[in-house]
Each structure stands twice: as structure tokens, then as C-alpha cells.
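Chains: A, B, C and D, in written order; residue numbering restarts at 1 for each.
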Amino acid sequence: MSLEKITNPLYTRHWIGNMEADYVYTLGVAGERFFKEIKENGKIMGAKCPRCGITYVPPRMYCEKCFAKLEEWVDIGKKGVVHTFSVVTVNVDGSKLDKPAIYALITFEGTCGGLIHKIEKTDTVYIGMEVEAVFKPPRERKASINDIAYFKPTK
Amino acid sequence: MFGKKRVAIVGAGVTLFRRNIKETGKELSYEAVKMALNTAGMELKDMQSVVMGSAPDAFDGVHMKGEYLADGAGAHCKPYTRVFVGGGTGVFTPLAGWWHVASGQFDTCLVVCEEKMSSCYPHPQFAFTTIFDPILERPVGMNLIWIFALEMNRYMHKHNLKKEDIALVSVKNKRNALDNPIAQLAAEITVEDVLKSEIMAWPVQRLDVSPTSDGAAALILASEDVAKEVTDNPVWIDGVGWCIDSTQWTNRDLYYPDYVEYAARMAYKMAGIRNPPKEIDVAEPYDPFDYKELHHIEGLLLCKKGEAPKLTREGVTQRDGDLPTCPSGGLLGCGNPIAAAGLMKVSEIFWQLRGEAGKRQVPCDPRTGVAQAWGDLMQYGSVIVLRR
Amino acid sequence: MSAKIKHFPGEEVETKDIREGKIPTEKFRPKAKFAWSAGVAISKFLDELKNGKIIATTCKKCGRIMVPPRIYCEKCYKPTDGWAYVKDTGVINTFSVSFLAADASRLKEPIIVAIINLEGASEGMGIVHRIEEVKDWKKVKIGMKVKAVWKPPKERTGAITDIKYFKTMEEI
Amino acid sequence: MSDVAIVGVGCVGFLPITPELSYKELMYETAVKAYEDAGINPRKDVDVFVTCAEDYLEGFSIFDEFVPDQLGAALRHLFTVSGDGMLGLATAYMLIKTGHFDTVVVEAHSKASDILTYMDIVQFGLDPIFNRPLGGHPYYVAGMEMNRYMHDTGTTPEQCAQVVVKNRKNAISNPYAAYGANVTTDQVLCSDACFFPLKKLEISKPADGCVVMVLASENITRKLTDNPVWVKGVGWCTETPNLETRDWSRAVYTEIAAEMAYKSAKISNPWKEIDFAEIHDLFAYKELQHMEALKFCNYGQAGKLVEDGITALDGEFPINPSGGLLGMGYGLEASGMQKLLEVVLQLRGEAGSRQIPEAEVGLAQTWRGIPTATGAVAILSNSE
């Protein structure tokens, strides 16, 4: 233990700084193909493991369980089910959001995984609710998860 | 060594090293692991534990990137740990794999190193500004290259070296890399070329430096029993060593890496090596800068202080010399995806000891090899001794 | 890298294709802001810089006068015993002449950076800072004596940059 | 293979802020306490030092650089585990088991108050391609998990709230706790549902502090102390980093880690063979979910145990006697060490008014927080 301590609260110095930089991420081999399908064809794809028989959404380059390479891609449609959700009322900095945002995991029949996304155009949301993807207009798409504007209830 | 377990390397994999690679860090890790598993004739389910090594999160641009990379590293539902000692990580990670197996806790351990430096835009240099003390050093406007330049200058001053002496390392390693299919900057260059290249921060010039890169590498470690089951040709980890010097790098004489010497002594003691220059047949000292290889040859006690340039001049460190260093082409020739580059060095020694290095094979029929990496603020040494 | 392996994975892409948007990417800039507590030793060090002085801590056991100051001696692993001023003059331990700025951009006029062993501190106790007022950078040598050039008292904030730079004692 | 014991502990904190100490000084003060407790000189008696830290929680790239001096590890054998302190314990355990090392020091700390934008940093941990571009407060992940957990198990909001009431009350008598308080179930239930169904008072608040532990082989342990705490088993596991493919209801990482730890500790009936547990409760529901993963009860039964007071300090099976992270404060990568610290103190009989009578075997469990599915479990005992 040191022989001296700071005893004057006005004397506690702090140094302000950051660790900020710009990042540009390539989407990866599987990611690039997945988002190009969304951007160009408006299709949500999954990838099937030849060994486990599991269809992964989003598609990956490999099966995380057995490490087989995933090369068979399948269209999984636009409709899914809310597996779970959260209604968020605050921004990252803790300030109140103008209106609550619903984040959810949407799962697709016969597949493993799903998509994390926002749900809009609804006052109610529940686990098991059927939802469908609403895409941005083709020219606004950038090969990004945000090319899906949001999910909305099918009914 | 009664009661102590021996650990073998039974497989290795490495991706291309390039300035930008399309694969995500996860995908790069997967490719390296898949190759390592194939070379060992094993499957992911055979791996009981996984260790990840990767340099700052500020390169890949993901907080807790060890967690992010886990599935690509093959860690799904497995015991998984990331270790991190700056630039020394690549050689340190197999040391962590070693204790997973040597402890008797696991029969196998998958060792993975990954770096995707290109995510930091426009240049990974930026991430390096935050390796310095925020109060005393960052305000001076520190640049990573400076700290190497300061060390290089001190080393040259203390031993009265010329840049010509040092440039020979770059010439050798870039030439060695011509035989390495993963290499990013393999080239036939001359000392003249190095001396004429652009001055970055005197005495560091463009061709004294390894590039920034994307890449991944992986090793499969196994206990003695498993190793003997899967291969006739295991390579044993017989010595491990690591050491860190004080944070106060401006209070130390940078001309000599004490921390590398301490790490080497630890590893040699474990391996029972008393006379390193005589007993070590091939070495992969860490060479992110050309002078660093010399610095590290000395720290590894492969010659006396200040004598590494002489060895280089006399051709001793060439592939066909008495003590070949960086037969892989090193970081200067292959590229420097930090942690992956360090693990690439370990895998090079692995292939050399197995006699499978092809055009890069050193002719001396090596039995014992050493790989080493350096890290932190001129501060970290990690050393591994391998035997066949 | 075994000679038995013929194919090495990894799809190379060109920097310019990323820059020009030919390859789809995601972009992000994190907010990562910090307020590091300076603590006992460095708070005092910064305060003294504001007064135009450089303060060190001392260890009676190993006899060292240490700068930058710390509240523990890392060699003896005991609390440091007291404070001592060291001089604002010193000797160049090593230096570099940089044509690169911190962001890796190219400079027209080089920056000289050095580790300066301060007089009055123990052997080899250096700090890192810049050297300026040099006409011919090729004349900078290890072992040269240098002196701190301070900001005017009113402009000092209690920072390492209260020392603007060091300059060589003899004009070069 | 030698047995492994904890022979010294030190703790400074946990406090909401520590403006008077730098992170180095905080670590120094703590390490001195641990070395005094163990009766060792770190410059001579320690074979390996392990520090547990993540760069963005410190504000440095390569935080490893800034660690050795204050631990007495300059020119010694130190390294960083980028993970929770309990992974540091697992590492120390393995190092000693190799037979090459006798004494290993593990350090983990939190200087959370140095971070001005903690939640932005948590967000920076999300997958940069599939998740992060959606934006939003990263704790939506916790809200989603709690929702599915409650849906599948029938756990009620009241039961989750009672975890908060219990833990913050326990913290009142813990000198290392920052957030001890008498909170009512209603207060918790009425607090803002910022991440519905997760409420504001169900979220642990960050705290500053540091924990250092000295571990030793059997031989050295016998020389150093009459009061060792033996590490009977350790387990750790990463399920998957992918939000899409993980189990949203069960803590699979804890199930697997517990299985590994129970196997080495030769525990077949945890509820009977373990006396108390320290469980990661960054969010109140996590305590319940983790209890089930640890096989203290059947899936979906944990809420009932809390409701019935069985996990209270004076209950049949006390959980988080320290006050947990809800009561002590969330010590980031030190949270596993906070858990271990309380188990050590209890097993040494040094837990003051929190002391659990005749405690012999304790369990500590940790999780690496959002967005990970990584955790660890350790089983400690004061008898061999």
C-alpha cells in the first residue's frame, strides 16, 4: 500500500481520451453472397450442412457444430415467427427513445438460427407471432442487414 | 520429468497472408483450423479444448473479439480461452495450448490465431496509437514506427552497426519467402534497394518493415497417447518460456531484449538445453523489422550480444547455413497478421522438423528448433522449443 | 505450409475495390471515450509540470530516483519513499527522425522524437518527447545534451505538453 | 498431479467510483493485500502471474503492457487472459497441474468509472455484419433472453424481482459491496422496463474494484497456510457467439462448464454436496437461469426456490451471500473473482455477519455478459 493518498476531492485528476477509429468490414464469403441475394433478388437464404442436415440462417461458410463446409443454399422465404423479443425504450447513451423499438429473433420453419431484427407496424407483439420481412426498395439496398427495413405481422 | 506430461503438435494449417482478404475473421479461422484438422487426420469433435490468440481488438474492430471469433475457431460448446500478449501472442498461444494438455485436463487442444488488420481504416496504424500511455505518451503524438526506430537506433549505436548490416536480414527473408506459397511480400531485393527505400522514421526505411496483413493459422496439440495414435511423426513441445519486462520502456536500455533472454532461459531449462547455438538446428526469431531478427537471435542466446549481424553477413543464418533463421521468409517476407504470423513461425518449425517443408526445407536434417515472438512496449518475449 | 498442401485459402481483395465500393462492406466508428483517473503519482507529476518542474519518486532501498513517478518501486516491490525534483535538462538516449505523422500520413518536415534521460534522475531514467529547433536533422546524435522548452506559465494545463519540446544545448 | 489451493486473497472496492486511484494504483493496493495474506514476496516466490482484462474496458490496445510493475511482475512470467477472472483461475489451475509451476497469481479488476461510454463499447462487441448495423442499446439481447426464459419456464416477474431484493439486502453486510440496500419487490417491479421484460432495478450497476488471488501447489500450500481453500474442480465453456443459433432459454455454456467442474470435483448431486453458491447475476433472471444450468433444481424451478426463501442467507441453500453483482456492483472482467472471493471468505470462516455456518463446499459461477455465451464454474472446499 502506498505511503500517500489523495485526500482533496478537488485534486482527483482525470485524463480524457478515446480509442476511436473508422472500421470497414468485408461481409465475408457467406455474408457477401447472403446480402447480395437480398439486395438483388429480395431472397432470404439459408445454407444446409451436408453432414448434420441442419439449415443455418443466416447462412455461414461452415457448420459451427461439425465444421463441414456449407455449399448447398436454399431460399427460406420471407415469413417467420417471433422466437423472442424485447421492447427497448432507451438509446445507447441512456436517453429516452422517441418511441419504443422492438427487437426480436425471427426464426424460419425447418431452419436453425434466424435473423435478429426490428419489428414495426404493430401495437402488439408476442412470442410465436407470425411476421414477414419488409424489404427496402431495390435501389436503396446496399447489401446489408438493413436492406430488410423491418419485419411486420403477417395479419 | 516423472509425473510431467509431454505434448505433441500433430497438425498445422495456415491461410494466405494478404493486405486485404474477403473472408471474415471467423471464416479465416475456420479455414486454418480445417486445414490443421485435415493434416492431422482428425475431426472437430476430437478437439477437447480451444485456445485463441489474437492481437488488439482495435484491428478487427470488435470488442472482445475472442468471443466473436469462437465459432470460427471451432469452440462451439467447448472450453475456450483467449490469451493476449501483444505481438508475442502468436508464439504464446501454443504455450497456452501446451498447458491445457500438459496439465492432464485435456487430451487435445486446438490452437488458433487470427488477425484481420484491414478492418481498421484507412490504415491499422491508427489502432497502434492507443498502445501508448494516454497521459504521458499519446499527447506527444506517438506513432508505432517511432518506438521501433528508437530501439533500432539504440541497437545500432551500442554495437556501432551500419544499416547495411541490418538490411541483409530483409534481403534474406524476402528471398526465403519466394518459396512460401502464403507469402505476401516475397521478393528478390538487394541491400541497395533497402537503403534507397523511403525513409519512414530514421533509421527505419520502408523495406526494413513487414507489412500489415490479414490471415489465420492453427495447430493441433495432443497428449503423448493421442499423438502416437494419430501420427508416426509427432513434433514435441519440449520447452516453453515467456517473460514481460517493466511497463516503463523509457527507463530501460532498448539495445538488448532482456525479456527474450529470460523467456529463452525458461524454455531451454525445461528442454534441457545448455548450449543453444550448438543444440538448436533451426530458428524462427520474430522479424517484424529486420533489426528485430538480429535483436532476437541475441536474446535467444544463439550468439553473443552484438554478433548477430556478423552471423548474417557470413551466411550462417541462410537456409543452408549452420543456423538457419526464418526459413519461412518470416514476417518481412510472408506478411504480418500479428498473432497468425507468430503461429505461422511455430508451424514452420513443425514442418521443418517433419522434413516436409519442400523447397524451404533446411538441409541440416534438423532435430531441434525454436520459434520466438516479441510483444508489448519492447517488453514481451515468448519462446517455444520443438523437437522431433 | 507442408509441401503436401497445394491450396491455401483466402480470397484476396484490392484496397481500391474496397475504397471504391466495388465490394460491399459495413462501416462503423465506435464511441469509445474514457476518463482515466491519473492517480496519486501522475496527478502530482502533472501538477508540477504546470509549475514548470519535473518531479520524480524515490526508493531508499534501491536508491533510485524514478521518472515518470510511481507510488511503488517495481524492482523492490515496496512503496516509494518520497518525492524529488529532477532537472529539465538531459541527454538523448536514442532518437528517431520521423517522416510519418501519428496517422501514418507523410510529413514534409520531419518530427524528431527522442528518449531523454533526465539529469538528476537515476541512470537511464528517460521520458519520451520531441526535439525541435534543429536545422539539420542529420546532426542529431545519441548522447547530445538537451533542455526543455516550456510553454508560458499561463498556457500550461498540467500536461506532458506543458513542455513544448526539448532543444539541443548546442545549436545544430 | 498436485492438488491446487487458494492461499491468499486481496480485494479493494467494490465502489461506484474510485477517482483517487489510477488503475495501476488500484491493482497495486490489492496485490499487496493478497501477498500479505499469502505471506509471499512476489519478486521471489511467484512462478507465473495471470491478469484478466479486455482492451476496450481499459482504454488501451494491448493492456498487457501496463500490468507487470504494480503486481511485482517486471521481468517475470506474466500474461493476459482476455476473459473473466475465473478463466484466469482455470489457467492457474492448469499451470500448477502441469507440475512445472508451484505458485501462480491471478488478477482481475474493473475501472468501470474510467469508461465514459460503456454501453457503446458493449455494442461494439456485437457481430459487425449481422447484428451491429441494426443499432440500438445492446441490452435488448438481455431483454430477449429474459423474455424467452420466462416464456419457457413460467418464471414470474415477481420471482425475478425477489432476486434483486435478496441480493441487495445481503450486500448491506458486505464491506466489499457498493450497492447494498433494502429494496422492495414493488420498487423493482415498478422500475422502468427499459428492455421489456427486463427492468432497470434488475440490472447490476458497474463498480470499480480489484481482486488478486494467490494459488499454490499442494507442497507450497502446506508451507504457507493452515487455512487453504482447495480448488476441487473448474469448468468453462463457450456455447456460440452467434445470437441467431444460441439457446435463448437455457444457459448451455453453464450446463457444460458445470458438468466439467462436477466431474473433476466428483460431485454427483450438487444440491446435496454443495453448501452455497455465488452465481452471476448481472441481470436478476440470470441468477435463476444459472441455478437451473448448475442443476441445483429442475429447469424452471429456480424462481420457486427464491420465492420460498430457500436461497436467502439463512435459507437451506444460500445463493449470492455476498450480495451478488446486483449488490456488490458489476466488476466487469473481475466478476468471476468477486464470486470466488466470497466463496473463499465463507470457506475460511471470514465472512463476518454473512457467515454461513459450517460451510465446507462452495460453488462460484460466472458469465462474460452481453453479447457472449461464455461462462465458467469453480468448486472450492476447505477440506481436502
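Details
In the analysis below, a residue touches a chain if its C-beta (ideal position, glycine included) is under 8 Å from a C-beta of that chain, and two chains touch if they have at least 3 such contacts.
Keep in mind it's a predicted model, so treat the numbers as computed, not measured.
Common neighbours of subunit B and subunit C under the contact definition above: A, D.
The chain with its Cα centroid farthest from the Cα centroid of subunit C is A. Here B-D and A-D were compared by C-beta pairs in contact; the pair with more is B-D. Each chain gets a centre from the mean of its Cα atoms; for subunit B and subunit D, those two points are 33 Å apart. Centre-to-centre, using mean CA coordinates, subunit A is 28 Å away from subunit D. Distance between subunit C and subunit D, defined via averaged C-alpha coordinates, is recorded as 37 Å. Multi-chain contact residues of subunit C (touching two or more other chains) are listed as 11, 13, 18, 23, 26-28, 30-40, 42, 46, 70-72, 74.
Multi-chain contact residues, meaning those touching two or more other chains, occur in subunit B at positions 20-24, 58, 61, 63, 71, 76-77, 118-119, 121, 126-127, 130, 134-135, 246-248. Counting partner chains per residue, subunit A shows two or more touched chains at residues 1-2, 5-6, 12, 14-17, 19, 21-29, 31-32, 64, 92, 144.
Shown here, the protein chains touch in all possible pairs. Within the complex formed with subunit A, the residues of subunit B that make contact are 20-24, 26-27, 30, 33-34, 37, 43-45, 58, 61, 71-72, 74, 76-77, 118-122, 126-127, 130, 134-135, 138. Of all the residues in subunit D, the ones that touch subunit A in their complex are 19-20, 25, 28-29, 32-33, 55-56, 59-61, 116-117, 119-120, 123, 128-131, 133-148, 151, 192-198, 240, 242-245, 248.
Of all residues in subunit A, those touching subunit D in their complex are 1-2, 5-6, 9, 12, 14, 16-17, 19, 23, 25, 27-28, 31, 56-58, 64, 83-94, 100-101, 103-105, 112-118, 127, 144-146. Within the complex, the subunit D residues that touch subunit C are 18-25, 28, 41-43, 56, 59, 68-70, 72, 74, 111, 113-117, 120-121, 123-124, 128-129, 132-133. For subunit C in complex with subunit A, the touching residues are 11, 13, 18, 23-40, 42-43, 46-47, 71-72, 79-81, 158.
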